[in-house]
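As written, the chains take the letters A, B, C and D, and residue 1 is the first residue of each chain.
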Amino acid sequence: MLEQLKEKVFQANLDLPKHGLVKHTWGNASAIDRETGLFVIKPSGVDYETMKAEDMVVVDLNGNTVEEKLKPSSDTATHAALYRRYPEIGGIAHTHSTWATIWAQAGLDVPAMGTTHADTFYGSVPCARQLTKEEVDRGYEKETGNLIIETFEERGLDIMAVPGILIHGHAPFTWGKDAAAAVLNSLVLDEVSKMNLFTRELNHFAKELPKHILDKHYLRKHGAEAYYGQK
Amino acid sequence: MLEQLKEKVFQANLDLPKHGLVKHTWGNASAIDRETGLFVIKPSGVDYETMKAEDMVVVDLNGNTVEEKLKPSSDTATHAALYRRYPEIGGIAHTHSTWATIWAQAGLDVPAMGTTHADTFYGSVPCARQLTKEEVDRGYEKETGNLIIETFEERGLDIMAVPGILIHGHAPFTWGKDAAAAVLNSLVLDEVSKMNLFTRELNHFAKELPKHILDKHYLRKHGAEAYYGQK
Amino acid sequence: MLEQLKEKVFQANLDLPKHGLVKHTWGNASAIDRETGLFVIKPSGVDYETMKAEDMVVVDLNGNTVEEKLKPSSDTATHAALYRRYPEIGGIAHTHSTWATIWAQAGLDVPAMGTTHADTFYGSVPCARQLTKEEVDRGYEKETGNLIIETFEERGLDIMAVPGILIHGHAPFTWGKDAAAAVLNSLVLDEVSKMNLFTRELNHFAKELPKHILDKHYLRKHGAEAYYGQK
Amino acid sequence: MLEQLKEKVFQANLDLPKHGLVKHTWGNASAIDRETGLFVIKPSGVDYETMKAEDMVVVDLNGNTVEEKLKPSSDTATHAALYRRYPEIGGIAHTHSTWATIWAQAGLDVPAMGTTHADTFYGSVPCARQLTKEEVDRGYEKETGNLIIETFEERGLDIMAVPGILIHGHAPFTWGKDAAAAVLNSLVLDEVSKMNLFTRELNHFAKELPKHILDKHYLRKHGAEAYYGQK
């Protein structure tokens, strides 16, 4: 079932190590079929080199496996929470990519310091707080999903205009209209994390991008007036 | 039309990701045919892995597409402004290469701290100011071209002796006698940006190259007395 | 003899340069057959590109070569000391991987600052002191093994819960249930060494992971209640 | 003539970009035939991707081309000066490798901070001063060779125990018993330059290796009592 979606999710998962975003088995990507309300995700702890498209696992929005084969990613409950809350999200990626994880470990939002950032993220990428002991005991992965939702709601952020977040002490999650977009947003987040770290090393007083340039770059790629690409 | 130039521009564009200067679709290279006054540039937002030589777009010096096929790079008006103003320029490249972009985000000129720099750039590579809101509203890409011209004129720099610039908060542009030279200058600019950042980290008091060594290295490769290479 | 183990140790050694953990001949991996009490290790100073599985050297727990062919790694006595003292260890890897070696040169323990670390190492990875002149004279490689044992005993650490160590001024050693696990732990140690260095650069006040998250991540992969992977 | 040596020098030159030590045409390796007193060196400014073994240039100890074909590397006079002064040297390499060049630009000696360094360089790798205007005018490349000799003599260093140097504001030169050894020493120098920069970033008070460990590592690979490798 969902063979085409499995193939797309499989390719998106392979793109994670290909782009240097994932070492070993530290990452996963998923995508949802909104008609059936089922999503497809990487199996847990399976090696990228031997994994096949048919190993992808079909899961419902409660995170329960629908087909009996491999166990889904241990982060499945986080993906499920986001798909339930945000109907706009079509795909999700989770990595421990080096530079985004560094900002997550530092507990800092990634500010919009250049147009590379503004082309994808309309403002700072937030860093969510760490889960409490009570939340971890209640259900680590599900509560991570709830924490992402809480962070976007408290800050009043548009989930598709800022398609990613860092979890303090952990690593990034990104999303998009499908699995490929989610993976691409992981790539962008890692690259701007690297650039911004060294920008501030080079000039401790380097400023965030002024609003009129942030607007220009985000809006020339996104929204009604977009003119980037072949559309 | 301009089939040979399309092939060269295509190869120059492929060299950008090959040298690690471009991820995703964040870059473009072009070259001009001075006889017809037409230039060839990468199409907008097209994937490097599937792009073909025939996808290259022919544009006139006003930035208008001559052949009806794909849309040209969104940065076409910047390229056009430079080709109009400087008849010496034969090719232009634009990337968001990591280390040059870091200096652009920091808003700093890249000083000539070593002979790797002096072999290509005869002095500091300037960082232009950010565009004002009025300039962005008037035409972001064209005004970026005008800003480059303004910066070179205000500083009295020779466009071919310093074949590159950073735009504050954005990224580098480089140029040369053809598209391949422009791409090579992007590679040099990124490498010296990396070296110079860490040189100053290692020794906060590291100095710029003295004039007699800057002269020696630049002039053994360029100008009337050059003796580097097989010419 | 031990042909299957030779093949596994050979593959583990090849994985060291493949993962970027070893340049030139700066590394070695071994694995033990607990039934015979013999272990298999890389030959000394042999090029990874020309090395064959049959070049692997069989050694007893006193570090003496059992088959007469090539000389074993110069670090054989360190491996032997660890295999003698810890029956749980099935494989050992030694590299001069860039980022772990940087922490070793700095003489600092690698703190657990994120879940990438907690998934593999249950707390800080210790940095052992430098050997004294007397210890070096008595037998450099064997005393390095004894120093590792001394460090784990003095700190009361569980050898399998913290499967790695740095030697001040030298480089890391890691271990695991077999050679592949030892190599994977080298990869993790190098990656968290890189992440943690830049985390503290980005935020000098970045804290170690709180205990409840360290516990959660370590225990969801290890121990009786583990639920990561397909087991 | 010297066909075998040309083949070896060609391979050594190809190893420079393969190991990431050279981008574009920024490097060269050579080796000498002590019987004829002729040495073989890379041609000037030729692309590594199209270069052939037969393109290597034969030069005498005055730096004059013996066979009329391509022009030798612009750094030929530096190589010649070292071959004339030090009969122990069999091969020389020059690169602008990133991390060694950073120390050269910073104008600092690379201290021996770990065993990776001590395995190859018996103490700090010196950074020579910059050439004066008079020296540059007199003959830049030859005077660079004389400066290397001056630096080793003033400091009383053994040319084969410390087989490399940095030129302030320029880049490294390394040497060895043949071209392959010279290239390997370039690799080591670049790697320890990277490690040492970040060691001091991580711990501003990190110390150099104590003498008894420097001695142990250098002497277990070199000298009469060496026991590393298969000899």
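Basically, a residue touches a chain if its C-beta (ideal position, glycine included) is under 8 Å from a C-beta of that chain, and two chains touch if they have at least 3 such contacts.
If you're wondering where the values come from, they're calculated on a predicted model, not measured in any experiment.
> What's the call on chain A versus chain B, same or different interface residues, using the half cut on shared numbers?
Because under half of the interface numbers appear in both copies, chain B and chain A meet with different residues.
> Could you pull out the chain whose C-alpha mean position is farthest off from that of chain C?
B
> Between chain A and chain C, what is the gap in Å from one C-alpha centre to the other?
32
> Between chain B and chain C, what is the gap in Å from one C-alpha centre to the other?
A distance of 46 Å separates the two centres.
> What residues in chain B touch two or more of the other chains?
Answer for chain B, listing residues that touch two or more other chains: 201.
> Examine which chains touch each other and state the graph shape they make (line, ring, star, complete, other).
Graph shape, chains as nodes and touching pairs as edges: a ring.
> By the document's touch rule, what are all the touching chain pairs in this structure?
Every touching chain pair, ordered by label, is A-B, A-C, B-D, C-D.
> In their shared complex, at which residues does chain D touch chain C?
It comes out as residues 19, 113-116, 119, 184, 187-188, 191, 194-196, 198-199, 201-203, 206-207, 209-210, 212-213, 216, 220, 227-230.
> Which of the residues in chain C end up touching chain D in this complex?
23-24, 26, 43-46, 70-71, 74, 96, 98-99, 101-108, 130-133, 136, 140, 169-171, 197, 200-201
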